[in-house]
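Next up: the structures, one after another.
Shared chain: subunit A. Partners: subunit B in the first complex, subunit C in the second.
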Partner chain A sequence: MQQKKAEEKEKKPKFCINDHTDILTEILKRLDGPSLGVAACVCRLWSAIARNDSLWEHLCFRHVASPAPSSVRPVVLALGGYKRLYMVCVRPVLSRLGHSDLVRRRFWTRDEVQLSLSLFCVDYYERRLGGASASSLMFLCKPVNV
Partner chain B sequence: MANNGENPSPDVGGKTVKLKADDGEIFEVEEAVAMELQTVKSFFDDDGVSYDTVVPLLNVSSTALAKVIQYCRRAVELRAKSGDDEGANEKAREEREGLEAELVREESDEGIKELILAANYLNIKDMLSFLCRAVGDRIKNKSVEYVRRFFVLENDFSPEEEERTRNEVAWAFEGVDAD
Partner chain C sequence: MSPYDSATSSGGGSGSSASSGAKPSEIDGLLAGAGYKVRSSDLRHVAQRLERLETAMVNSPAEISHLASDSVHYNPSDIASWVDSLLSELHQTASMPSDLPDLPDLMVAPAINHTVVSEAAWTDRDAPQQMNQFTVVTAMEEDSGIRLVHMLMTCAESVQRGALAFAGSLIEDMQALLTRVNTGCGIGKVAEYFIDALRRRIFSPQSACFGGSGSASPYENEVLYHHFYEACPYLKFAHFTANQAILEAFDGHDCVHVIDFNLMHGLQWPALIQALALRPGGPPLLRLTGIGPPSPDGRDSLREVGLRLAELARSVNVRFAFRGVAATRLEDVKPWMLQVGPKEAVAVNSIMQLHRLLGSDSTRNSPVEVVLGWIRNLNPKIMTVIEQEANHNQPGFMDRFTEALYYYSTMFDSLEACTLQPEKALAEIYIQREICNVVCCEGSARVERHEPLGKWRARLGQAGFRPLHLGSNAFKQASMLLTLFSAEGYCVEEKEGCLTLGWHSRPLIAASAWQALPDASSPLGIVNQNSNHNAL
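And now, the complex of A and B:
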């Protein structure tokens, strides 16, 4: 009881970790995709931090041996940003392999990232042409029953 | 209760530095260890500050400072062990990871947040890095409510905002266990 009182007394003058968006960003950088999505729903501050596209860029290329060339970034940003890249392409490409566990734990290869980037371009143009049709190439992103 | 009982690391010369925590407790540490704390290093890099000056660390509790010093002391020892030999490097790296895991395992959620703030204030990059990773691990795959409780956050979304945000990341909630 006494210790709890002492702890509570200590808490008041201390400033809170939530005052440090740089620290929060560092923590969020270490999360996987789904956890980052959950983080975005916690409160307004976290939602704003999670909207930082560089977090999603970090996520997309985290497990690739060498980082993507710097010429990739302006293209991705023009096509909708890294968060969209992750949501629309990277994550489904991984899910195709079956269990959601794999999405969280697996390291993905450069080829899978390249495929995601190609599909991302496809997604962009199909949206410009007026939404997905039956002949949409984005079927490549849908789960398959094997 | 100054930290005088501890034996200084044998490799370091006798110079020590005094660090004062927020409650006034003084910690006497070897110079090499104190310089791990970039904030302390900058303090002495200023012209004319003698090593006898007590460094006031107003934003760090004595509990946190004690742990920080303990970590840095062992980190300095481990770094001295590693050299050109890859085997020795590997062993030192494993020991350091063990040290980090040990520090983190014993900490409560509040404790670990306090350590992060201390490491940030004292500007100790490596420590901040593994602490952030540890917190990341603790909130990974957890529910929104769990994260809110961990960080003591209030849901300040309006119902419409919350629904919209959740819809944007609906895929994140597939298969997550409500804990």
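And now, the complex of A and C:
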């Protein structure tokens, strides 16, 4: 990859996306969950950017009809952050409530957002309770019965 | 001829009575129209044989291909002999199935002629030794399950009559029969629990009762309750529905007070705290009073739960105060312990607690009236009542037993979908304790006195409450929650403003919301027992 970059540098004016992290962030913001996960494996810089919670916030609430009120962010951050919210609640909820191929395009309703947040809160509480029995959301991890 | 000709059938099966008034030896008219000749009296016999044939064919597809290739040498229009000859084709031992006794049909009839059942039980014991075919054993297993249910009913009826010796012998028979049934799932599992409960009732009634005061440690109860919460959606449904109703009732109030009749680990409240944190206009000051049993070993478990909830509330910026009230029984709680302030909006939350008050102590006001009285005096904005949708408080033992058998069978069925262990196993123990209490205990020890929604409506209406409709938000949320559980079979229904969650159209748990009817003479927060009887 270094070689290819060097070749490109010879041919064109120097442009490397990694020099423009703000553009990179804007691009990564628009990816869906799986793609964002793949992007995080590209290199250390991309991984660092992908760990930025605001990217995941964008992912969680991208398809909500009305924007989330500002009070949501401190709550989500207190309960574990948007990345965790996505991994533990939003992604399974969306895929269960819609079909998995529509996960990226689907709008979700305020009720679904609320439910995800509530489940997230229960998860946080159970982890604080004693760790051993934080399985309240395990049902979300089970494969769907066909 | 078939044994159904004798007058032993308890419920009147579909066979001979369907061909209305025809003499037994006549050909059944309906099937004749389709081209099949069957005697009306043989209908049940044929139906059972067809079922066995199906089981046999499903279980051994390789062996039956020759049946398809042969040209017709059976006469299918004479179904009775056709199915018999096919069955004997499939089994090595010639015409063995016809040696099996025809089993009585399963009917829900408490008055069973028990001599028929015990005769069938005797012959059944001898038959299995001859059988070495897997396919026929499967059919036997199904029939054993049906027979178990029959014997359970007979045993319960004997217990009601007081014939304990006979009931005891039936227990032994049933335990022998259990060995031939798959007790890992289905009817075998449920039957095992009920046989166990009956055995405890007959042989050791004193030590049988769970759930009575002090017999099981509160810690154990909490653990079992938690696993029941994880394994199936009933408690989650209860919590989310109640929270939605409470949230809507608290709209516009800045000072709110929730009284939880059974705190346990406080799993219901994080979601409410979070929803209050996010409500437009900001969170109110939330006070939570949690009632629970005292901890035996000096730990203050109520306070620990309160601390966890306070920590959560602090991290989401909700002003929060907690108070624990330790009481062994709900009727021991006095309203002054709750310290309700005059300007607070109060919500009372009772999840499967009110039925424990129904044990009648006829010397004074019944406990449920006393408790409902002081609740009403608190003038809560809302009282959420979630109860099991079952009629387990009937005076007759047989009625209770039958109802419990069907209710808990359905519940165990729904639990099959759960694959989490050890949650599932512990949830089963939780349910088993309820079963034991319903079946084994009497008097004040029997606390699981479930009553259906209709009766609660009447009772609460009489106590001065009016129903609040659970809105469409609650229904939507409940439906979404169930979709997440992805086990086909759960269903949410709305009935006159109350929501029920059930398994395959049998409701198992009902949620309702209530408000005290306005009563100008009793000021908020002050106890006045006499105002129970003031007319509006």
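Convention: the second predicted complex is superposed on the first by the 116 of 146 C-alpha atoms of A that agree within 3 Å, B and C clash if a C-alpha of one lies under 4 Å from a C-alpha of the other, contacts with A are read in each partner's own complex, and residues count from 1 in each chain.
Please note the rule applied: a contact is a pair of C-beta atoms (placed from the backbone, for glycine too) under 8 Å apart; a residue touches a chain by one contact, two chains touch by 3 or more.
Because the structure is predicted, anything quoted here is derived from the model rather than measured.
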**Request:** Quick one: on subunit A, after the overlay, do subunit B and subunit C clash, or do they fit? Just give me the call.
**Result:** fit
**Prompt:** Given the touch rule stated above, what does A:72 touch, subunit B (first), subunit C (second), both, or neither?
**Reply:** second
**Message:** Can you report the vertex angle at subunit A, computed from the C-alpha centres of the three chains with subunit B and subunit C as the arms, to the nearest 10 degrees?
**Reply:** 150
**Prompt:** Once the shared chain is lined up, is A:118 touching subunit B (first), subunit C (second), both, or neither of them?
**Reply:** second
**Message:** On the A-aligned overlay, A:128 touches which partner chain: subunit B = first, subunit C = second, or both, or neither?
**Reply:** second
**Request:** Check the superposed model and tell me the shortest C-alpha distance between subunit B and subunit C, rounded to whole Å.
**Result:** 17
**Message:** Under the stated contact criterion, what part of subunit A meets subunit C in this complex?
**Reply:** 69, 71-72, 74-75, 78-79, 92-93, 96-97, 111-112, 114-115, 117-122, 124-126, 128-129, 133, 135-136, 138-140, 142, 144-145
**Item:** Partner subunit A, residues of subunit C touching it in the complex
**Value:** 226-227, 229-230, 240, 243, 265-267, 270-271, 273-275, 277-278, 280, 282, 308-309, 311-312, 315-317, 417, 419-420, 423, 473, 476-477, 480-481, 483-488
**Message:** Under the definition above, what is the set of subunit A residues touching subunit B in their complex?
**Reply:** 7, 10-11, 14-18, 20, 23, 26-47, 87, 91, 100, 104
**Prompt:** In the complex formed with subunit A, which residues of subunit B make contact?
**Reply:** 59, 61, 110, 113-114, 116-117, 120, 128-129, 132-133, 135-137, 139-144, 147-148, 151-157, 161-162, 165-166, 168-169, 171-176
